[in-house]
Structures are given as structure tokens and as C-alpha cells.
Amino acid sequence: MSIFLAMIQEAIHYGMVFLFGSTGETLIEKSGHLNLGVPGIMCLGAVGGGLGAHWAHQAGAGAAGIMVVSLLMTILLAGAGGLLYGLFTITMRCNQNVTGLTLTTFGAGVLGFWGTQMSNKGITFTEPSRIAFTSPLFFSGEVPDNWFCQLFLSYGFLVYFAILIAIIAAVVLKHTRVGLSLRAVGENPAAADAAGINVIKYKYISCVVGAAIAGIGGTFFLMDASRGTPEYIIDAMGWLAVALVIFSLWRPAIGIAGSIVFGFLYRLPYNISALTVVTLADKELIKMIPYAVTALVLIVISFFNKRETQPPASLGVPYFREDR
Amino acid sequence: MEHTNAIELVGITKAFGTKVVANKNVSMELRQGEILALLGENGSGKTTLMNMIAGIYTPDQGKIYVRGQEVTIKSPIDAYSYHIGMIHQHFKLVDLFTAADNIILGEHFHAEPSDGQNKGAAFFKRAGKRLAFGWLKHNRVKQLQTIVDQYGFNIDLSRKIYDMSVSEKQTVEIIKALYRGAEILILDEPTAVLTPQEIDKLFAVLRRMRQDGKSIIIITHKLNEVMAISDRVCVLRKGEHIATVETAATTEKELTDMMVGQKIDLAIERKEPVNPKPRLIIKDMTALNKEGRLALDHVSFEINGGEILGIAGISGNGQRELLEGIAGLQPLVEGEAIFNNPKENKPVTFFHKDLKQIKRMAEEGFFHYPDGTRVSLKGFKNKEIVKLVNDEKILFYEDEVIDLKQKTPREIQELGIKLSFVPEDRLSMGLVGNMSIVDNMMLRGYRKGRSIFLNRRRPKQLADTIIKDLEVVTPSDMTPVRRLSGGNVQKILVGREISSSPKVLMAAYPVRGLDINSSYTIYNLLNAQKEKNVAVIFVGEDLDVLLALCDRILVLCGGKVSGVVDARKVTKEEIGLLMTTVPEEVQVYRYEQEQDKEEVPHD
Amino acid sequence: MTKHVHEPLVHLSRRLNVSQKYAWAIRIGAFVLSMLACALITMIIAPEVGFGAFFTHLFEGTFGKPRLTWTLFRDVAILLLLALAVTPCFKMKYWNIGGEGQALMGCIGAALIVKTLSGTMPLIVVALIALVVAIGFGAVWAVVPALFKAKWNTNETLLTLMFNYIAGCIGAFLVKKLNPRTTGSMSFLKTLGDFGKIGDNQFALIIIIVAVITVLMAVYLKYSKHGYEIAVVGESPRTARYVGIHNKVVVIRTLVLCGVLCGIAGFLIVVLKDQSFKAESATDTTMGGLGFTAVLVSWLAHFNPWAMVLTSFLVVFITTGCAHVSSFGGLRSATYPSVMAGIFFFFIIATEFFINFKITFRKRGEIPREPDDLPPEPKTKVEAATAANANA
């Protein structure tokens, strides 16, 4: 297998962490909420996913059982994080940045704490990860050694799930009445309200659903991308997911391609030594690319000031109907 | 028969707080299939009354009947369920969406209109059913477009709202209301933002809707429009219903009389202007409003020191742009504002002129000595000049002439032009709501002096003086102005603007929302300024006040000057007519003396 | 047609006159509740730490020994400085969440100078150059997003966020470039030695510097013309235009100030506090998220420098104390303190809601108060004066 193929495989693999995160964050931002708590929510999701997988594995469940329980727990914990964020920013109209940053602090803390507890107890996740997550979805044993199968069919369930969710999100946003209403809520909540849309309901649903999706990203990283070995960099990856939302101009479909680019760049420093000699320092410069490109995208879209590529107009502004 | 009435209001009363009664025992009815014009001055309670039908407010007292049935309307959505749609002045549209998406936005509308008697609504009903499920069809624009075209609207629904003109946005709002099954349409001043051609188009649409059996209420100020479009006219004045008449059986004059009412003697003291000399000369001032539409169209006038010039007009006819244009807050397309700084026989100071400027101006012959001989500073040492200036030995020959055109407020301030401005929205422009009274006093003068620190001593003295002299009710001078009542806020603002002893004082609606006593305090303050030879511009909405307070009244209509009249001789009706008639020809004003004068160097 | 109109039973309205007594009662209550919640949660997740033991460890870790107390106050000082730096931006409603990156650039500047110049000239000169370079780096990092904001109205929240991580990458790059053998940290313990110690005390200098800056910032915000302009621009951009304030100039000038303070903070962290510099990756640096915490500290204090002394103290108290709980209570978790800090923050953020909004429970069928009702005015002067006294 050529080194390039392996690199693309890895790009797709890691990219899905960003894709889950950015799809979730896009849904939240489309409702007018800048949730900087997404890295924390991804951490919470990872905690839920890990716990669920561990319990199901202990109970002797098979691959499907582990996956289902793990995802349910992910959705529960990450959704709870989203609900908490929603409670603070939608009902209580607290500052979104402040709430989000707190949630990130909290979520990353919980993940770290839980991880230590698990390793103190000698619990690892490599087994459930192997059984349910990393095993290829379309083959029971080895993946045939041709480029097509390797490139497209060699991944576990969640990779396809990530792409599926991103496509669904894109379609819902663009082609359904619900998506239209959600976009209206994020653009002009007063107009949406006047049109009979329940603004508060939409905001809550998008915060919780978005958080659940982002949470799966955390689980995916823990159980799939890092093969069950806890690495406490999920919050760092979460910030890249936030960056990816901007990079993809708030469009989940672009996010699919963007996530693979981000995944490629994210893994490039680790893979590049197989191709050429690079110093540790230069690797850091490569790591900078996703952030720098995102900053550039932000500046460029503000320069062109095209309405379609701007952040949702009411992003960060709390909605209170009586403030007219 | 009761059922001929689409809407009937009986004894509606609505008050805001304890002081402001917006509607007092109003009864009126809208017949099925008619266009009713609702006529009244600003603040006569038209919009409040309509908002109660549209579900924005609920009445304190009184009953609303829709098609003979008593109803309670609690929200706009509720109103739609009674087939009532209102098109507000501020459109509620999502800019980023196409017109079509804006029309189908929302899910709670009740696509169950009409009893089958109404063709137009049936169209929209069917369209609603076709599109009301979750999936947005690709050809939704096309489908809607077909229906809309059939109905005779001339609009491309695939365009985004942000690309559209005000008139197109309005059309989208109308279609939106129809799409939701509205049988009764209320339009709040729909023509205020439209060009004459667009108004014609709108009226054509309204007539077509009337043919379809819709009942329409149109709020307007313009009498010619009332005559052109309405079947009946309902006149409100100061929250009360005056009369409802058949349009065919009335005249513009009669309507004006009903709208403005009898002249009331307010017993505001008015002295003859003393030594009026032109202070501010506005020439061909032309400006665009926020929407990029012509708001001021070659407005020219002059105002003298020592007089109060009233500006009358329906709000939104260019008053805001005019004042902000003079104050340097509004970019001008064309025109000038010439300021005559009254300096004749007054000593020059170092306050606004530096040594270099004084030397240059002396060479150009601007100064004379107290004995009348011309000042030439050639051969003088700087020290000697400073002494002469400080001893007030160098006097101006004549007034200083400064063009305010395209100057920023700060430049105007730095030139020492004492221009005070009491803007219309006090808490979002003139004052900072969350700051204390003292800190608000500093807004104008905080920059003075070289120190990097603020000097709160003088603002505090000023605040305390204003609180005492104007009887401001406040817990202390450190109270945030947001917490004060409207009248007290206005006293603070007017007090501050007057305190800088201005040469020109502009006040926009300074008594809006104030009680009688506060209003008289403000009138007295303006009169006192007039006596100090200040040029006072007073933008008002109450004609009685304008007639009693001002010396001359300039009437704006459609961004043009429709007349300048002597307030002592004119009648209310005459002003009413001027306010509602857009002048055909714009008189281009020329200021003859301009050629004689050299512009004074400044900077 | 039957009508069913859903009327919420809970009605929210903004409080117009909030008495300070009420606000403080709520805040103190929230603090007490948050501490109880921390203790309870700790008991649940780690039963070996008792309820009482939680508080014992909490205080032991912070005030148990003089050295711990000194450390506590030094950390308070650093956090306070960062919070002070971002405060003028927030007052201006410029949502700069880039304090982390701006201070990190300061760290980088200081570290670069110490690394390259020490040994060639006296330590004090090196330190001064380091300070100047740190300030320059911080200021540039703060002012670039502000320029874009002023020019094209670029979203500053997202841009400063990205700038944080770009700064982290630059830091990691430089460390690894200068120190190819080691991982992402440089120690200056040997070169700096006793630099900055007052007598035997290595903490006092930082605390003194920050105390001075706190006073200056409080004065700047309240008594200087600049501070006044910042408040006017933040409260009402239209009024600012009306009195001739150039909004863009104020934004850029304020961000320069913010960057300067962040640069000073970076210098203090590298040269006086840690005597080392770490930038392992974009997110794992010397700053360790302190810049983000500072945003919270500033916001919780309502941008009031004096209140910030209290909020930053509470935050550091909880994190330091909980670190002690963690190590001596047998939790052995490095991130346990941030969980507790998160809980504390949630409680305090929630107070804003109870302070700013009034919740009225309505019986079924009753018509809610009109939202457009004018605020009630104080009826008499006596009443108004009483209200004012309550606020003072």
C-alpha cells in the first residue's frame, strides 16, 4: 500500500472528528448561537461513548450492541451539555462566549478526570474499540488490497455515519421547511417570530441536536481514530472543528471536503517523516496551516462582504421578544 | 346587517403607563370589500389602534368584532387565524432569503381561508397546501411565481430581499399576508417610502384586491392619496375618533380641518425677534436616507439669529436628514450650510485662532482696532501681537463665514461653531442611557484641555444647576439617565445643549412624550435662547405649538420645502395643506451676498 | 373555529432598577451554593474525600502555608492582569477572546530575548529588552484583528480565536527551532536565577506590578478621557458619532493598550513566574488557557477592575485549592480543578439571569403585563432617594 493512500486514509479517519464537530456546531450557529463550548461538549461525548462502550462490552454485547449503547450514552451526555448551554444562553440570555468557554473548561476537565479514574482502575477501551468501532463496516476480515476498497470501504461505521449526517444536515438546511425556519431564526429571529416560528423551540432543538452530533465526534476520536487509547487532545481538536465551520462557510457539505483537508493537515506532521526529513519545528508550522487558512477565510469573506458567505446575522445576539 | 362589516371596533381604549392615553373610546368599522383610509397627525393613535387589530397590543377596554363575531386577538399569529394581516412600516423579512422563501416561511399559518367566495385567496390557499410540507420543492419559486403573476403582481420572487427596493419588499410583505390567507389587510403608512410611480402601482394592487373582496385599511397622512384610493375616511385626532365620512362626499379642506382641529391658544409668550440677521444659510441641501432614497431634495432656507424657525411636516419627510446634515452627521449629496459666526466688533481670541491664522487674517483685512482703523500686523513682534489680542484690542470687521458642508461633528466643534443639537431619539443619540447625569454632561466638552484626565467638577456643577433650574426629578446627579422619566431626560439633554451658549440650536421633537409642565419648561428655554440672539430651529409635530412658539415655519413635504410661512399670520389649515402637498417645482435659492465674501481660512 | 392560545405561565421581564443589595445577595448565595455543589459532587465521584475534608484540603492548599498563600496571590495577580487587559475591549463591546494568544505572543517575545541575549549583557538590560519586545509582540497580535474589524468589519470573536492558536503554533515552532533536542519547553532557571526577587521573596514583584496596573487601569477607565470614550463607544456608537468620537480610532487605540498589557503579562509569566517557556503544541502552552479564564473573570466582574480582584481571587482560590484536594484527597487528577472551576462559573453566570430578569409566575387566564408599559417612575422624591441609597 502506497504511503499516499495511507495518508489519505488517515486524513479521512481523523477528518471525521472535525466533521462531526463542525456539523454539530454549524447547526448550533445556524440558530444564532456561537457555541464555544463545542470542544467541551466533544469531551463530554467521549466520556459518554467510552462509558457506554465499556459497559456494553462488560455485559458481553456484540459489535452492534456496543455501538448502540456507546452512541446512546454519547448523545445523552453531549446532549445534556447542549441543553445546559441552551438553558444558559437561550432562556437565561447569558453571554454566549462566556457560557461556551466555561462549558469547554468543564468538559475538558471532566474528560481528563474520568480518564484518570479509568486508568487508575485499569480500564482500557482497546477491546470494544476493535470489536465495534475500527473494524471495517463492509468486510468481516481483512480489507482487499486494492486502492478502491482501501480508500473507500476500509473504515468503521462511524466514518460513514459522519458523512451521512453531514449530508443530511446539508439537505435539511437547504431543502426543507425546517431548515428554512432554522436559518430564518439565525438570520432574523424577529422576522421568524412574526412568521409564526417558535424561535425558542428551534434554538433549543438545534443546540441539543448539534451538541449530540458534536459529541459523537468525541466518541469517534476516542474509540475509532485513536483506537481506544485515551489521548487528552479532544478539546484541541474541538477548536479545529470550530475553525472548520468558518472554513466551510457554514455549509456542512463543504465541511465534508474541508474535514478531509483538515484531517490531512492535522496528520501531515506525523506522516511527513515517511516522505522527507522535517524538523520538529517545521512540523509546528504545518500544524498552523488549518488555523491560518481559517483566519484568512474569515478576512476574505469579510472583505468581499457577500451576504451568502457571512456568519448568521444574529450570531451571538440573544433574542428577547420584548426588547423591540 | 352586522355581517357587512369585516371589522368593527367598539369603545376601544388603550393607555401606555399612567400618562399616555393612545386611544380613547374609539369606535369604527371596516366594511366588507372597501378601502378605508385612516387619517390623522403623528401621535393621533392610528398605529396603536391598528396594532390592536393585528394582535400586537391588546386593548384595555372595548370590543373587537371580526365578521360579526366578538374576538380576542392575542398575537399576530392569532390575527392570521381571523384572516387579518398587517403590513408594518418596518418589514419583517429575512434579507438573505429569496422573496419566495420569505413568503412560505413559517409553519403555523392557517391555510384555511375564505368561505369559497373569494377567488384570490383560494389561489393562495391551494399554493399553501401544496408547499406546506417539510420538503421544499425545487420549483417552489416557479410555482409561486405563476400564482403571483396571475394575480398581477409584478415581482421576481427568485430575487433576494437584500437586493430589493423598499417598494419590492413591501410587495413581498403584501403577498406574504395574502399567502397566509389574509382577507383583511392593514397597511401602516405604505406610501411614506415610495416614489409617485410606485405609489400608483401599489394603488393598482389595492384596487385589484378590493375587487377580490378584500377589505383594506390604509394609514396615511397624504390627502391626495386619501382622495385617490379610499372609499371612506376615518379621522383620528389625539387618540379620539373624530368622524368617518364617505370620501366622495368630502373635500381635502374638510379633512384637514378634522385632522388638525380648532386652533388652541397655548399662551406661549412670543416676542418679536430683535435684530434678526442671517445666522445659518442652507443652500440646495440634498441627501439620501438609510435606504439610499432621496430624503432631502434641494432644500434651501435661511434662519436668523434671534428667531425661532419651526419645521413642520409629517415625520419622515426629511426632518431627520436636514438636522443631521447641518450637524455633520449626514453625508450630503449636494448643497451647503453657511454659518455666519457673529463676530462683528467682537475681539479675536486665541481660543479658536492661533497666531499664524491671526497674522494671515490681519493681512487680509479682517480686523480693526477699537478706534476703527484697520489692523496690519506687519513688523509687529509675536509678543506684541499676543498682548494686543489678549487685551482685546483687535476686533473683527464683520461676521466670520464658515461652510459646514462635509465637516464632521468634531471639526465643527473644533472650529468653535457653537452648534447645539437636541436629536429625536434622546437615549440612543444624544445621551448615553447607562451613564450618570454628570457623565452625560461631559459628552460635549470632555475633550477640552490638554489633560488626559476628565474634569468632572464642571460637569457636576452644570448637572446640579440643570437639576435645580429645570426641576429635574432625580435621586441624585449620579443616577443613570436611563432611569429618569422622559421629561426629565429631555430636560437634561436640552439643558446640556443650551449650556454651551450656542449660536444655533436645533431641537427635534423636544416635547415628544412630555407632560404639559415639562413642555412649557422647554418652550421657555427655547424662548430664552431666542432672546439671546440664538438661531433656534424647532422641529415639531403639534401645529398649535408651532403656531404659538415660532416666528416663521418651514414646511417640508417629500423632502422638499413646500413653503415658508409667517407663524403669526398663517392658519393651521394652510399648514396642514402644505404638509400634505408635495411641491412640483423646487425653488432654487440663491444667496446674493455670497459672491462678495471671501471664505475665511480656517483649519 | 375554536381557538387555543398557549400562554406561558412563566413570564420574563427585564428588571429596570436592580438594587445592589439584591444583586450581591444573589451573588454571594450563588458562590455558597457553588462551593456546596463542588463538595457534594466531589463526595459522589470520590467518596474517599469527605464533605469536611474537601473544605479542609481546599483551605490547606491555599492558606495552609505562607508559601502557598504567596503562590496563590501571585497567580491571582497574573490572572487579574490578563483580565484587566481584555476589559477595555469588552467595555467597548469588542469581543476580544484573544487574550490567550496576545499574552502568549508576549511570552514568546520575552523568551526569545532571554534565550538569545542572556549572557551577552547584564541581566537587567536583557529583562528590559525582553519587556519591550514582549509588549511589541502582544500589541501587534492584538491590533491586527482590530484593523480588520475597523476596515472590513471582520468578526473579531472568531478571528481572535484563530489568532490564539496561530500564536501557539508560532510558539511551538520557535521553541523547537531554538531547542531542537528537547520537547516544547525552554527553561531559564539558570540564566535568570534570582532575578526579580525582592529580598528572598520571588512573588512580591509580580504582585506589586499588577497592583499598580490595577490602580492605573481603574483610573484609566473611570477618570481618563480615553476611558470615557471607550464607555461611550461601547454604550452607544451613535452618540459617539454625535459628539464626534472616531469609533475606529478608539477601537484600534484600545486594542493597542490591550496588547501592551497582555505583553506585560507574558513577560511576567516567562521571566518572573515560571522562568521557563513551554509551547508543546497550539493548545498546550505556558498560558494553559489562562487567557480564556481571564475573559470569564472580566465578564463576571462586570468589567469593574476592583470587582475583578475578587473574581480572579475566587477563581484561583478554587483551582489551587481543588488541585490540593485532588493530590491529597487521592484523586490524582490534573483536570479535577477545572471541573470544579466550571461548576463555579456556571453558578456565577446564572446569577446574571436572576439579577437582570424578573420571573413572574402567572395564574391561568390572567393577561400578562403589556411589554410596552413604560417603566414606573419613582413616585415621590423620598421614594426615589431611598432607591438611590439602596444602590449606593
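Order as written gives the chain letters A, B and C; numbering starts at 1 within each chain.
Note that in this section a residue touches a chain if its C-beta (ideal position, glycine included) is under 8 Å from a C-beta of that chain, and two chains touch if they have at least 3 such contacts.
This structure is a prediction, so every number in the text was calculated from the model and none was measured.
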Centroid comparison with subunit A (C-alpha atoms), farthest chain: B
Comparison of B-C and A-C (more C-beta pairs in contact): A-C
Chain centre separation (subunit A, subunit B; CA means) in Å: 50
Approximate Å spacing (C-alpha centroids) for the pair subunit A, subunit C: 27
Centre-of-Cα separation between subunit C and subunit B, whole angstrom: 44
Junction residues of subunit C, two or more chains touched: none
Residues of subunit B touching at least two other chains: none
Residues on subunit A engaged by subunit C in the complex (per definition of touch): 34, 36, 84, 88, 91-95, 97-99, 101-113, 116-117, 120, 232-233, 235-236, 239, 242-243, 246, 279-285, 287-288, 291-292, 294-295, 298-299, 302-303, 305, 311, 315-316, 320-324
Residues of subunit C that touch subunit B when the two form their complex: 1, 3, 5, 7, 16-17, 223-228, 231-232, 235-236, 238-239, 241-246, 367, 370, 372-378, 381, 384-385, 387-388
In the complex, subunit B residues that touch subunit C: 16-17, 19-20, 57-58, 74-75, 78, 81, 327, 329, 408-413, 421, 423, 427-435, 439, 442-444, 446-447, 451-454, 456, 473-476, 479, 482-483, 485-486
Subunit B contact footprint on subunit A (complex, rising order): 175-181, 183-184, 187-188, 190-192, 194-198, 307-308, 313
Contacting residues of subunit C [partner subunit A, same complex]: 12-14, 45, 95, 97, 148, 152-155, 157-159, 161-163, 165-166, 169-170, 172-177, 180, 281-284, 289, 292-293, 295-296, 299-300, 331-343, 345-346, 349-350, 352-353, 356-357, 371
